[in-house]
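Okay, so chain A shows up in both of these, paired with chain B first and chain C after.
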Partner chain A sequence: MSHTEAAETFADRVRAIPGGEHLEMCYSCGTCVSKCMIQQKIEPEYNPRRLLRLVMMGLEEEAFQSPTTWLCSECDLCYPACPQEIHISGVISAIRQLAIEVGYESPLDTVSVDEAKCSGCGICVMVCPYEAPHLIEKEIDGQMDRVSEVDPNICRGCGTCVAACPLGAIAREGVSNAEIYKQIKIKKQNGVPRLVVFVCDWCLRADDDVTLLESYPENVRVIHIPCSGRIDPEMALRALRSGIDGVLVCGCAPGECHFKRGTQVSSCKIDLLNRVFDQMNMNDGRVRFAQIGTQDRGRIRGEVDGMLEHLVAWKEAR
Partner chain B sequence: MAKAKSTAKSTKAKPKAKSKAKSTKAKSTKAKRTTKKKAPPKPKLAFYWAASCGGCEISVVELGLRLVETGELVDIVFWPCLMDFKYSDVEALKDGEITACFFNGAIRNSEGEHIAKLLREKSQLLIAFGSCSHTGGIPGLANFYDAESILERVFDTVPSLDDSRGTRPTKTTKVPEGKIEIPTFYDQVKTLAQTVKVDYYMPGCPPVVDQIWNVFQALLAGQIPEKGAVIGADAKTNCDVCPREKGGSSQRVKEWKRPHEVELDPDVCFLTQGVICCGPATRAGCGLPCISGNMPCRGCYGPPDDVVDQGAKLLSAIGALVDTDDPEVLGQILDTIADPAGTSYRFGLANSVLSELKYK
Partner chain C sequence: MVDAARHPKVDVRTYTEVERVEGFVGNFKVQLRQKSRYVRADRCNGCGECALVCPIEVPNYFDMNLSPRKAIDVAMSQSVPLLYNIDRDACIECYKCVDACGKLEAIDFGIEDELVWEDIGSIIVATGYNHFDPSVIPEYGYGRFPNVVTAMEIERLANSAGPTAGNLIRPSDGVAPKSLAIINCVGSRDKRFNPGCSNFCCMYGIKNAILLKQAHPEMEISIYYMDIRTPSKGYEEFYDRARQMGVRFIQGRPSLITEDPETRNLYISSEDLALGSVIEQEYDVVMLNQAAVPQPDVDAVSSVLNISQSPGGWFMEYHPKLRPMDCPTDGIFLAGACQGVKDIPASVAQGSAAAARAGRVLHSDEWEIEPVVAVVWEDRCISADGKKCGLCSKACPYGAIEYEQGKAAKVVTAKCHGCGGCVAECPHNAITQMHFTDAQILAQIRALLADRPEEKILAFRCNWCSYPGADLAGTSHFDYSSNERGMRVMCVARLDADFIYEAFRLGAGAVLCSGCHPQDCHYITGQPVGAKRVNRLMKQFDKMEMTPSRFRIEWISAAEGDKYARVINEMQEALDAIPKEELLDEIERLRPEMEKRARRMKEAPQVEEALEFADRLTAAMLESKAEVAE
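Showing the complex of A and B:
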């Protein structure tokens, strides 16, 4: 492969796409890598600094195959930290766009639409942080129908649309409604409060915090979800109906959401649900949302313990 | 006979000839020899209203001449709104003697519960007719309060009241003719299915007249849908048939408005105009009278299949459309929703998980 010849053209092509302009300002300090949750949590090979270097060196195939190209969720935690003020996710998006153009496909778990169910309401289109879904006219069972279609190369699999879909027509493997409801079960605990903790895969930065969650006894059921945006109020209601005493949802801090707007969507829903409880005169503080920031190491313990204490008091007061 | 306009299909309708007529035919061979073929007995129909406004009956009457045609094909054995019947007329019937009973209204007091149980015993098919019977409807909104606080409001504190004696309705009252009793007023408004077993659900506040006609014709033709089905409605939601232009990510909501506060574009999705529309979480089948009138869907046709709590699903969709990253602004945007519970649970409160939790 002739790297020297491709070098100029590839970097030029990246620069030509809006977002890709600042490519060459990178001097490879690696601050972005130190900020990145993906590198810490799921993929040690993930490295924006390296990816930008690959592009500048014209290593097109390597850049397209790099996990960095595909895993970036555009959370932009690295953006304010970059001393060169490079909008790194913009550059990565440009590289990704070129990769898709030549036929590469995203390796991520993405959502799928049940077209027989989809009513084409377009909620998912408005909700998606990445503009992955769009409405199309399509022949279904011999009739033209308007349904949602999700671009698997753009979808990051956060599941915010899955929760927002009013018919349950969208699913993501591993965190479909059925799979989550299966997990919302805790055996009766002899008076000890039963608590379901939904925790987004990204809000707990420290490994200690993740292990701490595993150390809670059986009355605390921890359910891992890709993003707090995956939660819908019906889940909380059905959990309470099944006899579970409390539901705690943990997501990222505002502005730090791994999937851009999932935490905002989730806090909005939990807030609305609590407003409805208020109106019904039944707000016992049993459904809570905790937004845990990148600086909040150790806070999860306080959130879970605080909720359990609250539930003990609530049970006694009944 | 006039053919029905088939604007919508009944879901899960399976043609399955019910052989009521056949069994009576085979009953007596003697009769066959001596007399001419006897017409099979007409199906017996009953209509009842519990906690409801009467709109469901109006919708049936709207059938006009088609109702007269139907009336010739059936025997109406109970319909207190239209004809003079007494409870004793129903009590005198044999169990299962009524072929189909269309029951509208929610169950609000002991009288509603009693007649629901009675009609269940006497009917082969019991159809929850209209929103109140199906999901609790507007009377179901009383589940915001308990019986005592409602009575207190109505008989003690309502500003238009001037009653120094503090009169409250009493269970029994002596009158010259003897003692009269009023039914017990319950704490919780229930749907028909929360009270007795229901065979079919026909949604709508009220069910639209064309759908009523479709259902009548299907049942009279012996097309009996699967038990438990929602009939006279579609499977998908209103958005499926709504012609309005849908929004994109640039049309997320920064302020919710009520319909009277904004000049509404008749060609664009209400949600993108910042007005809550229950259409995305509401079963289609009404023919969109509200939406064509440039008013958002209020949700009366109830949830689609597989949705347990219509209100929660709507909250989930509405919540996801709000656009801000600032927690304070988020609160302010949510403050612009005047009545989140009443808006999202307008017709479905009695049937909701929320209500179940309250009365657990």
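Showing the complex of A and C:
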């Protein structure tokens, strides 16, 4: 009897990358697909179960071209729910790594650094959940300078670095500072409290909740951001300065953030802001942060209504 | 059940626990604890006056705690025997029940637990299974969302003798549900909780769907499943019937249940595999078809009965295919789900088989066992000299060795299965295994290595896995090195370190120790006992700087003929890779060391002595048998 080595398959190559193991255990129950919100929210073709299937069937090109390979944000909501204990995002990362090796590029909208403004402070390197930015030495205008460079194949476009950059040197198309500031405007109405709601794209699971939020009258301005990590305290300050009464920021619950830890970063920022207000004796609960979990269907109504009530009371007290 | 209780030869003891089991097949002594009911069985006529006056209500566990019962009550209305029982944890001792009982004087708070010893011929274990608690799965919200219920709760809510008299209502508002979702595989086929399939839930879910659809044709019923498993006779037809009745089957495992805070309706989000897209559906009630898990007290039961458990906590059968109703311990039999999850027809079949097996014990005067049992050489056992030892007793997976300091260890022959673990474990050669004595095994080793030993690969194979594995390699015509010399032992546990020292002393080129895979050991824990010993040897040989490839340990099952051939060929290749002179030098270098380590062997009885002992033993056995006959 001969014991010849079998040829290495595509699945073997994925498995060989740390994190890519156990993909053969998938029995296609679909838990990961429905746990993830990418299919519902942005890309109907997104389907981790099918991607694993493509790998098992050796359909390499199809796997590299699949939107699933590029859209997964490694939030790992699916991992603890998988009955076969497959680390799905690890497998997807392994596929992505192989795709990048053969020359595929991420199709996502990513951030860009304005090298003339960048001081090379490295704050973006610290806040990025994906280790996409790193500092490099580069010649700019004839001088060697230290600047940040973002790997477009790793960046998922959450915007946490955009909010964190003290010089405004990083921008992402569609959600740059200027574009968001433009939206912080509410017409003045007599006696009606004005509220800005920043809501991340992922914390409202149910379509009903999104519709509900959009159905509030004009005095509630809803601004969509890719992740609550995109929140810059300056946005809240600008709103308050322009005469708006309150700011509500909605993000995912801790551990459920679509971009790993954007929700922690922003909750720290809002906490810090409120502490500054405390020291100035002006903390009157007008800037709030709500962390909405996957099972908190309908909670957004309570949060917005509660905030509006609070603002009415605050206005009367003044 | 009523028939069984009435049968003159059946003695039903409810509310009774097995405390201790001693003895062996056909001769068990069992201690039973008849727990006190505080109600005299001979006086209570089951009128129920006491329950009427009892002021204390406790949750009724038979109704899944959906309804109350009194602190004095029967377990359920069909209880056999129909005896009332006081829940002393809840009772406030107002004695109203005593007054209500009146002249019957059946209630007596002074009754204590009763311990009795019984002579038992054979034991059947039929302790069943328990339900998985789905509240540990956060995404399904059981325990937080009132309208997420378990299958057993639906069972009681839909039962005409249940708390709602058969009117199915939803717990949040008492309204009849218009739509119901059944989720299969809750806690089963899920590596986080129970990796195995729970066997009957597919059919059980379909049964519930059909029953509810019959009673409420307007109700929308959906079943979420990963795979529908309907393998037995008539099951597929049953599944078809549910489809014909309009039950909706959705392939896709739900990942999340959310609740509308106002209507308390539930939303299930899952992928519909047929559509390939995520769907979110609204339901009034969600039923979780929870997994079957072992009873919480399986560990206690297995230690009382000295029976082992398979991974997962089910009781271990003698052989999964050929003897599924037998325990490895003779005289103890398994019936139903305690051995592994099974549905009603399979449980009935296994129960009947176990009863027939048990009957065979009860009707025989003699019990035949394999002749390869262990026997103690009493004058060599140091325990007889008052020294502390007991290693043999610890190594026995069957509890067949009675050890008491000051007396020679005693093997209960009827319990011994002949693995030989105790024989290898005994540091004083005081135990031997019939037909596998040290002398016999050493004689075989010497014969196999008589000629050009440095070219030979000596392979120890266990009787149940590796020996048949090698057989399969032969019958399948797999080529493997002709330098291999196979030797049978009953179990790797029988492998005395001395055998391996002796093989190397004689100059064996290489030695293989092979046995069953850890979970497949024929002797329950023989493989781990043997594995520990040979792994220790591996370390010693490393220290002696022996070429590592000359000693190998492999677990090879009866189905792995190819693996056996591969392992032998690899060993041959490794042996060929050592230059002949170097190999001979190494053998010479290690010979004194091996001889020193195998010092115990010098004391080992020689073949003649062993044969003489065996004769003496056979005579003694015949004598004792004659005594029993008298």
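The working rule: the second predicted complex is superposed on the first by the 310 of 318 C-alpha atoms of A that agree within 3 Å, B and C clash if a C-alpha of one lies under 4 Å from a C-alpha of the other, contacts with A are read in each partner's own complex, and residues count from 1 in each chain.
Going forward, a residue touches a chain if its C-beta (ideal position, glycine included) is under 8 Å from a C-beta of that chain, and two chains touch if they have at least 3 such contacts.
Keep in mind that this is a model prediction, so the values were computed, not measured.
Visitor: After the overlay on chain A, what do you see for chain B versus chain C, clash or fit?
Guide: They fit: once the shared chain is superposed, the two partners occupy separate space.
Visitor: To the nearest 10 degrees, give me the chain B-chain A-chain C angle using C-alpha centres.
Guide: Apex at chain A; the opening toward chain B and chain C is 130 degrees.
Visitor: Can A:T211 be said to touch chain B (first), chain C (second), both, or neither?
Guide: neither
Visitor: With both complexes overlaid on chain A, does A:T9 touch chain B (first), chain C (second), both or neither?
Guide: Neither partner.
Visitor: Which touches a greater number of chain A residues, chain B or chain C?
Guide: Looking at chain B versus chain C, the one contacting more residues of chain A is B.
Visitor: Answer with first, second, both or neither: which of chain B and chain C does A:V276 touch in the superposed model?
Guide: first
Visitor: Please work out whether A:P83 is in contact with chain B alone, chain C alone, both, or neither, and reply first, second, both or neither.
Guide: A:P83 sits against chain C, while chain B stays out of touch.
Visitor: With the two structures placed on a shared chain A, what shortest C-alpha distance in Å links chain B and chain C?
Guide: Result, nearest C-alpha distance in the overlay: 18 Å.
Visitor: Please report the chain A residues shared by its interface with chain B and its interface with chain C.
Guide: none
Visitor: What part of chain A is in contact with chain C in the complex they form?
Guide: Touching chain C: residues 1, 3, 27-35, 39-40, 44, 47, 49-50, 78, 80-81, 83-85, 205-206, 294-299 of chain A.
Visitor: Along chain A, where are the residues that touch chain B in the complex?
Guide: Against chain B, chain A makes touches at 117-123, 125-128, 131, 135, 145-146, 160, 163-168, 229, 232-234, 237-238, 240-241, 254-255, 261, 264-265, 267-269, 271-273, 275-276, 279-282, 291.
Visitor: Tell me, which parts of chain B touch chain A in their complex?
Guide: 143-145, 236-240, 246-249, 251-252, 269, 271-272, 279-281, 284, 304, 306-309, 311-322, 324-327, 330-331, 334, 337, 339-342, 344-345, 352-354, 356-358, 360
Visitor: Any idea which chain C residues touch chain A in the complex?
Guide: Residues of chain C touching chain A: 139, 141, 185, 189-192, 226-227, 251-262, 267, 269-273, 276-280, 476, 478-479, 562, 565-566.
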